[in-house]
Each structure stands twice: as C-alpha cells, then as structure tokens.
Amino acid sequence: MADSRFYNIKANVTLAQAAEVTSALLTDLSKQNEKIANISTMTSAGAEDICFFYDRKNKDKAEQMKAKACITTEVLKQFVPENVIVLLCEDPKIAFIKLNEFMYAPKGVQTGIDATAKIAASAKIGENCSIGANAVIGENAEIGANCVIEPNVVIGEGCKLGNNCRIGNNASIAYSIIGNNCYIYTGARLGQDGFGFQLINGQHHRIPQLGRLIVGNDVEIGANTCIDRGALDDTVIGDGTRIDNLVQIAHNDKLGRGCVIVSQVGIAGSCTLGDYVVLGGQVGLADHLNIGSGVQVAAQSGAMRDIEAGAVVMGSPCVPFKDFMRQVAFLQKNSKK
Amino acid sequence: MADSRFYNIKANVTLAQAAEVTSALLTDLSKQNEKIANISTMTSAGAEDICFFYDRKNKDKAEQMKAKACITTEVLKQFVPENVIVLLCEDPKIAFIKLNEFMYAPKGVQTGIDATAKIAASAKIGENCSIGANAVIGENAEIGANCVIEPNVVIGEGCKLGNNCRIGNNASIAYSIIGNNCYIYTGARLGQDGFGFQLINGQHHRIPQLGRLIVGNDVEIGANTCIDRGALDDTVIGDGTRIDNLVQIAHNDKLGRGCVIVSQVGIAGSCTLGDYVVLGGQVGLADHLNIGSGVQVAAQSGAMRDIEAGAVVMGSPCVPFKDFMRQVAFLQKNSKK
Amino acid sequence: MADSRFYNIKANVTLAQAAEVTSALLTDLSKQNEKIANISTMTSAGAEDICFFYDRKNKDKAEQMKAKACITTEVLKQFVPENVIVLLCEDPKIAFIKLNEFMYAPKGVQTGIDATAKIAASAKIGENCSIGANAVIGENAEIGANCVIEPNVVIGEGCKLGNNCRIGNNASIAYSIIGNNCYIYTGARLGQDGFGFQLINGQHHRIPQLGRLIVGNDVEIGANTCIDRGALDDTVIGDGTRIDNLVQIAHNDKLGRGCVIVSQVGIAGSCTLGDYVVLGGQVGLADHLNIGSGVQVAAQSGAMRDIEAGAVVMGSPCVPFKDFMRQVAFLQKNSKK
C-alpha cells in the first residue's frame, strides 16, 4: 500500500479504469463504477483495495482475501471468495505492473540543474536533464536527454551516458560509456581501476588499467555495486542485464544480454557470461571462465571451471544441481551412522 | 589507548572516581587518590593505565599485566599480580563501557547547520540538530531533535527520523521512517528499489516497488550496508537490532527485535526473522523464509528452509550444528582412505 | 587499447623508443623507426599495434597474432609469427607496465583546491595537493604533499595522510593515520566504529571504540571496502598490502606487509595476518585467528582456526588444499552409487 508521504496516489480509480489499464475483463459489469483506494497484497487488502492473484501456491491466501476486487486468471478465479469482484486477464503480474504505474507516481522527483552542481564547460548535457546538488561532471562528458543525475554523483572526464538514464545519489562513474535507459543505484562505483599488479622484488606494482566500462541499454546496477573497468580490453555489461546490490564485477568481465546477477555475487576478472545467465546471491566465479547462455548458478555456489549453456549448478565447487542434492543426502545419511 | 588527536581525554582521573563511575569496589582504599592516564588492554597497559579482566580464558595475560590498576571480578582477581591495584565489580564489561564514556569524548563532533546544506523549505528540522556540509534534505522530510546528519548525506522527500539519530557521511536515505536513537553508518543505502522484475518477451520489466523501509528505535546499520524498501508491504527492522557493514537486506524482509546481523550477510526478499536472531558473517538466506526467535546461524552458512526458534545451525545448506560437525568429521576421515 | 576520451596517448612512438623504455632488445634494427599506435592484447592487436606475450599457455593466441610488434622472451619467441617484429626482454610483464606508463596518461587529473572544498582552519595541507569539490577536511587533519583528494570525500578531525596519496571520490576517512603513496578507492569507509556491544538486560549496549586505523605505506584499499578502527588497540594494515573492492576488515585486525585481499573477503575482529598472505575472493575468517605469513586461502573458503605459515588451504571450514580436493572427489564418487 503506497504511503502518500512518498507517492502521489491517483484517487477514485474505477474498476472500469482498472480493467482498461490492465486489459482485463471485469466479470461483473454492474460494478464498473466501483472505486478502489489502493493496490495491496492478498493478505493485507481491505474493503477498498484491489489485489492480484497469480500463483496457485497462494490459494490459501486467496481464499481468505478481504479485498474489494482481485485481478487473476480464468484458472485461478475458483479460489477467490464470491463477494470479491473478479477481473480476468492472462498475466496478472503484467497487470500489476500496469495498474501500479497508473495509480502511483513517486514524489520528490528532481528537476532542473542545481546551482551547486559543478559541470565542466566542455561537458554536453542533453535536453530536459536534471542534475542534483553538488554533482560533479568532468570535461567532455556527454549526458543524453532526460537523464536524472542525483546529488553528489561524480562523473569523470570523457564519460558518456545515453538518454533516460538515472544515476542514484553518491554514485561514482569513470572511464565509462553507458547506453540508454540505464538505472545506476546509489553508491555504485563504476569504472575504477581493476585489481591487477605484478610482484617485482617483493613489491606489488600496479598493472595499468587502460580499458573502459561499456554498459548496454536498459541495464540496472544496484546500490554500492562495484564494476571495474577493463585492463586492456573493456569490461562489458550487455543490454537488459540486471545487477543487484553489493555485487563485484572485475576487469574485463563480459556479461551478455538479460543476465540476472543477485546481490553479493563476485565475478573475478576476464569471465565471459552468455545471455540470460542467472547467478544467485553470493555466488563466486573464478577468473577467465566461460559461462554459457542460460546457465543458472544457485546461491552461494562457486565455479572454478567453465559451465556449458543451460546447465543448472550448485555447490562450491559447483556440480549439476541433482548431483549436489545427492551429495547432500549422502552426507546427511552416512555421517549419522 | 585513546589518541588525543581524536579524543578529548579527561586527565587526572583518580581511582576513587573510577570506582564511583563503574560502581566498583576499590580494594585498597589507601590508593583512592592514585591517578590513571588511560584505559588500555591487559597486554599493553603500562604503569599509569587501568585495564579490565573479565574472561578466564585470558588468565595468562592477566598474570603478565603491568597496569597500575585492574577492574575484575571476585572470582578472577586471584590471577592479577599483587602489585596491581584491584577494583571489584560484578560485570567488568559494563564497567569498561562506563569508564570509557567518563574518560573519553570524541573530538570533531559537528554542530550547527552548515551553510551549504540544502534543506527543502517544507522539511521540519528538530531542535538542536547538526547538519553537515552539502547534505541534502528533501521536501516534507521530518528530522527529530538532537540528530546529527553528517556531510554529503541525501535524505529523500517525506522521510522521517526520530530523535537522537546519527547519519554517517555519504549515506543515502529514501522512502524510510526511522525511529529514535538510530545510528546509520557512512555510505549505507536505505530504501532504494528492491530487485524485482518480470520477464516479458525476453525483457526484464521492473516491478514497481511501492513499500517503505521502517526502522525501529535504537537500531545500528553499518557502513555501506544496503536495505531495500518493500515492494507492496514494508521492509521492517525491529527495535534494538544491530546490523554490521556491507550487509544486504532485500525488499519485504522483516527483522525482529535485538537481532545481530554480522558483516556481509545477504537476506533475500520476504524473509521474517524473530527476535534476537544472530546471523554470522557472510550468511545467506533464501527468500520467503521464517527464521524463529533466538536462531543462531554460523558464519558462511546458507539457509534454504525455515528454521525453528532456538536452533543453532551451520553449513550450506545449513543443518543443526552437531550434524554439521559430524559431516565434517565423516568427510575428513573417509576421504583419506 | 586506450580510448582518447579518457587518455592522452603519446603519438608516433618508435620501436627504438619502445625498446629503450622497456629495456628490451629490438631483434631487427632496420625496424627501429617503425611506429606503433597503441598497446593491445595479442588477440585484438592490429597492424599498427604492439602486444606482449609472456605466458606459454597463450601460445595459440601468439601464433594467430596480427600485431606489428610483440615484446616477449627468448624462450617464447618461437611461437610469434615471422612477420611480427620481435623485441626480447626478461620479463614482458614489467615491460608492459613501463610502456603503458610511457604511452598513456589519464585525462581529467584534478589539480588545485576547489572553492567548494570545506577545509578546517587548523588543517594542514601539504604542497601541491589537489582537493576536489565539496570535500570536507576536519580540524587538525594533516595532508601530506602531492595528495589528490577527490570530490565529496570526508576526512575527519585529526586524521593524517602521508605524501602522494589519492583518495577516491565519496570516500570516508575517520580516526585514521595513513602512510605515503596510498590509494583509497571511491566509496571506501575507513575508521568507523567496530561492531561491538554487550547485551545488558536484553539490550545491546555499544562498546566504545577508541582505537585508530593505522595504514602503512604503498597500500591500496578498494572501492566500497570497509575497515573499522580498533576498539582499544588499533586496526593495522601493513606496507604494500593490496585490498580489493567490498572487503570487510573488522576492529583490531592486523594485516602484515604485502598481503593480497581479494574482493568480498570478510575478516572478523582481532585477527593477525603475517606478511604476503593471500585471501581469495569471498573468504571469511573467524575472529581472533593467527594466519601465518605466506598463507594462501582459496576463494570462498572459511577459517575457524589458526593457519600455519605457508599453508595452502581450501573449504569451509578450510583444510589443506590436497585434503579438500580429496574430499570433493570422495563425495562425487560415493554419492553417485
């Protein structure tokens, strides 16, 4: 339930409007002028609220719901109490996203360029950008149209952002070329030197890090996540990839399209990930690995070798999921003797 | 031993004063005007220092001590050398806290509202607050009395802080309601969007994150820790809970009272923790788990299932502590054949 | 290949110059006036580029190279195609570092003291320092010569930095004494309170943290890494130690010289590490451990006990590397029956 401290809430939305926005079918047309106050979960929705039911596992919660209306599927509607007004659609999750966007708009959206922002004379700022207090933008940087740069962000010389990007406050960006529609969260660190050095006579000498960080379109990079730039080659994040908070991505890593990298994952240098790879929370990859498209690595697992496309693996070192479960069962059984 | 670069040190504290502050018994009253220069460890305390001895495991160190005075218990005093002046109390750890607070005050405590802070006109700032350079406070935010907001902090529109809170420099707070006496460390990220999206025709679409982050009273949140706000429900941190550095807490997590979450723990979304749960460093919890009150999870463990109140578990996936130790012993023994 | 957006590239470097800078032997003196455009990898180097070949494992890549010139060793030159001009030296990795430093200089190097930096009147700033926008430097802080303090850095009262240090933007430094030639990356948090408290009547009471953080010379500390100051003793990082991103180092830890601490490592309080200890990514150490010099702990491992100097260990809890591999093989073999 959105809090009006933080969101502008569209009042008096009718079920007819809700049906239209979500492309859903209102099963009882006599109810089309009934109004809903808020979107809520099945558990907490009250007599003025609408909720969404899309996972059969939650049928117990559905049967207990006290909402005014529920958007669900033809198959699941049997579990919804009779007094709840039902709207039917094919994918209630998509409907949920659409109705949210219709009913709620975040407050506090920053506009304009703050007088305290320090923008280098040679930097190019696109139309309709917002730049927050104390943001620093270096020489020859290029910021596309409609970007929001929040307070205290530092963008280094020569960096380039596409259109419609949002950079969360206190983030750092250097040596980076970033596409359109990217969302970099607060405190993320992009493009700093990779961790590379050479031991010479007992001293670690830094190996120059001369590559860049290339981020595709429609990428999200979570809060306090760190992505080092390349050493000679570039570090690359493919289109549509989603990276959670506190992730470490090292120099020269190349991530494909649509990958999902959950919180606290660490990827050592020079790894290549295909498309739609999913790495669960706290996964670690050793350096120079090839991880095929569609690979799924369970949380806390660690990979020391390449993984073939489509594999589902678990453990540290990771093995096929079924093997891991067999190992766990074997250990539990035999250690108790 | 406190360094006068960083602390104001109360000079010439007598043993009579030390005894009074700590509610300890000075065993040799003829020494009540003797003065101590500093609090130190048993190992490093010199002839002008006082130290504390509370753990029998350290009796070897106690026997070697060169301090002027030592605060310990009736039971442990037998290990203290005869030439050291002994003060007795029931709990020397509490005495240690009290004497520290009496003798040392940190320098550099910020006061007043810096001219460069950017405070929205509609924000309400309580009495006696300190707000540092370049801090940004959004519209309709409410800051209680006696709060210290350090430099470069960004607090978003509508956020609310109770009294006596301290927000470390470069931290980010959004969509959050925070209680009294909370200490948020440098670089912490509170209230950003959770990691939620829906795959539609090969593209990840963001699921709107409309909940809040609710933090109780007397909570500490460590440096660079990230806590996402809720999706529809709220993310909740209970009273008195302590969270270390670099922890990830995902959307809709609900932590009870007095929990201890050690560094680099990752808690996936929609978990519920009871009271006084202890998660060791680098622990990972899968999403939607119920972790009962008093549960202790050993460092680096991972939980994939609910854990009953009071259980002590270890391993990834975690099992009861004794089972884990048996598994370790079994593997060590049998793999060597 | 360096991008001229980010680097000033020395044009028209001759092979004679490259040989001189790297102390290499140009094998065909008739080519000494040939020019190189860029340094590149063996795989991507084109007809104007120079590359480096130092690892026999990459001999397939060497045989395919299309570079104008290659710096390699006497032993490896046999794998380089005949039409590539060869320069010989003992250690091509060192040559690589030297030629990089000769050909490329980063752009955007900040100079001077920004008008918006807030430097306390009693702070001492050495010669030739650069201090970025919105940086805050507290009373009695001392900054050595030739330091670069990037924007939005906060340095607390009484802190001391040696000469030639670089502090990345948005970093926080408190209660710290830092040596010469140190590089602290963006968003690092140094010297905050350790995670220590005492449970009294169901409430966690903070234990005062009165120590300091002492950092030696020639230390690197990665992005968003957190190092707590000591409780009574100091936290100490030895000369030449390299710490990657997102590492947690707790109060009273003492790291020796030349250690390598890879990303996302967590070291609990009061550990002592000898010299040249290597901790792989995501390693965890329990508190109060002694880790001998030269110890190597494989990624994702966890240590619960002291480790003798020179040991190579793996697993959680960790065991000697060979034992770990035997355990893995045993489990794989026997669980499949």
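Think of it as A, B and C in the order they're written, each chain with its own count starting at 1.
Simple rule for what comes next: contacts are C-beta pairs under 8 Å (C-beta built on N, C-alpha and C of every residue); 3 or more make two chains touch, one makes a residue touch a chain.
Bear in mind the structure is a predicted one, so any value in this text is a computation, not a measurement.
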Determine whether chain A and chain C, two copies of the same sequence, contact each other through the same residue numbers or different ones, counting it as same when over half of the numbers at the interface appear on both sides. different
Per the C-alpha fit, the turn needed to bring chain A onto chain B (nearest 5 degrees) is 120
Centroid distance [mean C-alpha coordinates] between chain C and chain A, Å: 28
Multi-chain contact sites of chain C, meaning residues that touch two or more partners: 116, 134, 152, 170, 187, 224, 246, 264, 282, 316, 331
Considering the complex alone, what residue numbers of chain B touch chain A? 116, 118, 134, 136, 138-140, 152, 154, 156-160, 170, 172, 175, 187, 189, 192-193, 195, 197-198, 200, 202-208, 210, 212, 224, 226, 228, 232-233, 246, 248, 250, 264, 266, 268, 282, 284, 286, 302, 316-317, 319, 323, 326-327, 329-331
Okay, in this complex, where on chain B does chain C touch? 1-3, 5-7, 39-41, 44, 91, 93-94, 96-97, 100-101, 104, 107-108, 114, 116, 132-134, 150-152, 168-170, 185-187, 218, 220, 222-224, 240, 242, 244-246, 258, 260, 262-264, 281-282, 299-300, 316, 328, 331-332, 334-336
